[in-house]
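As written, the chain order gives the labels A, B and C, with residue 1 at the start of each chain.
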Amino acid sequence: MNNLNDLDRVAKSITELKEKVPLVQCITNYVTINDCANILLAFGASPAMCEAYDEVFNFVKLSSALYINVGTLTKEQEEAAVLASISAKMNNIPVVLDPVACGAIPRKLSVINRIFELGRVDIIKGNIGEIKFLAGEASKVRGVDSLENSEGALESCIRLANKLNCVVVATGKEDFITDGKRSAAIQNGTEMLTKVTGSGCMLGALCGGMAGSCEDKFIAAVAAVLSMNIAGEGAYEEAKVPGTFKVKLMDHIYCLSEEKLKEEGKVIWK
Amino acid sequence: MNNLNDLDRVAKSITELKEKVPLVQCITNYVTINDCANILLAFGASPAMCEAYDEVFNFVKLSSALYINVGTLTKEQEEAAVLASISAKMNNIPVVLDPVACGAIPRKLSVINRIFELGRVDIIKGNIGEIKFLAGEASKVRGVDSLENSEGALESCIRLANKLNCVVVATGKEDFITDGKRSAAIQNGTEMLTKVTGSGCMLGALCGGMAGSCEDKFIAAVAAVLSMNIAGEGAYEEAKVPGTFKVKLMDHIYCLSEEKLKEEGKVIWK
Amino acid sequence: MNNLNDLDRVAKSITELKEKVPLVQCITNYVTINDCANILLAFGASPAMCEAYDEVFNFVKLSSALYINVGTLTKEQEEAAVLASISAKMNNIPVVLDPVACGAIPRKLSVINRIFELGRVDIIKGNIGEIKFLAGEASKVRGVDSLENSEGALESCIRLANKLNCVVVATGKEDFITDGKRSAAIQNGTEMLTKVTGSGCMLGALCGGMAGSCEDKFIAAVAAVLSMNIAGEGAYEEAKVPGTFKVKLMDHIYCLSEEKLKEEGKVIWK
């Protein structure tokens, strides 16, 4: 596999997103819903947060992609998430799933299972603890946080990707993306992303944006992770404190370009 | 009509708001609820987000104005919104309605219709696509966004204002306000307002603030739109990127003064 | 009582929090839920916003502390809040209660009463109006805001602390903390904290963080109030406008240190 060409494709995909302006329908937790909307706008996508169960089935048809985050699903959102995923399956709309806290809270897993059973999932994005848990492995988590290091993480991702037949993203000190055959490790990023709430959710939303404009979901996921991490590095260069950092993160997502991704991307293709 | 005098009245009305500190009861979507509260505080009003159906009827009585935004109404919020509008009618409290996505999602229209049937509405504020839709005209929308240009927009506003007997605000490249007899077009503003989520909701909240302190709802709506757009221009002067822009927007709303509105306001009275 | 030693203990407690990284489970209003999560992260704690009634009972067991804010409780949140407080009682987890608007909205009081009856409360943090109301005294409130001055405030706090057998925090121009025997008045702070939404909720969340890492809940509450107020002063030094102020507030919370608290803390022990 030609690495240069792959990074080129990834970089190009963010220009394509800006041209297509995908409509990303999000059902997500209320903690970071505003951040998810803002980062999608800054990225060049068009967010919509339609989550009533009597609205969502039809609204998904109009969307370019569906993002489901199970962080704090209310009962209404739970129904809406399952219905939306069914609509996505029937209408061929790509779905990104963020399995927040699935290892710590049993209900999350039952919602996730229903989405897999009745709907579709193109990309799962979790932290390493969540991904290992979904892969059926022992996994250390604490609330919504993973206590896992990177050891064996890529292998878990590949196993899960093959089991569920979708792209898997696992975030941590290093980030891994795989579709079961092709894999990548991203070495950009900054720990400051863990000091603001919603970094994970925002990355999930970006995956939704990319899934809505890029046919190859592996490339889409790599582009989303790389964008988040390079923007994070830029923000951290300007601000070592979390309040200002988060504001700058939005600014840097807005200013991302194909060229920047090519120059600064540190992707190890595997 | 004497233009100078009208702009004077508009400008004066924001000083009056700061003196009265109207209590604005909001039932609004969770995407931008924090922004709505913050902008009302920065503007000089006092926000409250009381939305339980067993609280809202009585709470509206204590309020200076009610702001209803149907962006992502849960079932509880839907009941509360209708009840609140009934309480507003019975207790003579002005109501501002933000008919988010009414053209794309049929349920929105049914909620809006109940509010008109059972409650009251003093100001409707939507984007041009939403206003045209409510006026019964062909309208191009995409999710929550309007794809309409300004052509014929004022005429649609006037038609709707006369049909519903309320003030109508339509936002777009140019913003229009009318009570069916008097009309104004605002030429201040910046496109950056469309790159952050919640600009529309925040404007709706400001309309709520103004409706709570200014008897003449046409003047109130013009003041809200002008305030938002002039603050937006100030923020954009300092920040060309959306994260920082949104922060500065709050700062500039806070710093608005009667004098600034008079100096910088570009209002075409019609 | 040795004042120097007490301030030393307070200051030391924030270092201990950073070492322990308490997991703070929050059930809070959607207006400021993002702010509460961010300020806990910046402070050095780990926030979780688990609020489904079929998740919360077990999740509380994993937590270091529980923060309940009744600002805009949905019916699901109401059930979850009561269940969570029961779980906290059974599992010996400290609870911080924020009785938002209890004086203006009767339903709040019935939820609060159930929490006291079935669960436990270690710290109540309200504005002076709310605290006076809970103490059974005449109290002037307007929506979520107190119109009370500091007169008699400490006495009301002490009465309430003895009645409910918990630590009481009353915020206002001056802030008071008491466990019924020991009391403190904090003279740090800035009025700009009242110009951004969520200052009170964020302080409640910080009380939750401190309650999760500090055995002595009186010291814990003093540390939370002092941290908020000193960070507020630092932010106000850099920014006289609310948008930027709020961003800087997070930055300053992140930069707090034991030394800073000892140098800048203005605590009157009573």
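Here, a residue touches a chain if its C-beta (ideal position, glycine included) is under 8 Å from a C-beta of that chain, and two chains touch if they have at least 3 such contacts.
Predicted, not measured: the structure shown is a model, and the values here were computed from it.
Annotation of subunit A and subunit B: jointly contacted by C, touch as defined at the top. Homomeric contact subunit A/subunit C is classed as different-residue, with under half of its interface positions used by both copies.
The centroid of the Cα atoms in subunit A and the matching centroid in subunit C are 33 Å apart.
Of all residues in subunit A, those touching 2 or more other chains are 30, 34, 74, 246-247, listed in ascending order. Contact residues on subunit B toward subunit A in their complex (touch as defined above): 29-32, 34-35, 71-75, 101, 104-105, 107, 142-145, 195-198, 241-244, 246-247. The touching residues of subunit B, when paired with subunit C in their complex, are 23, 25, 30, 33-34, 37-38, 41-42, 46-52, 54-55, 58-59, 62-63, 74, 76, 246-251, 254-255.
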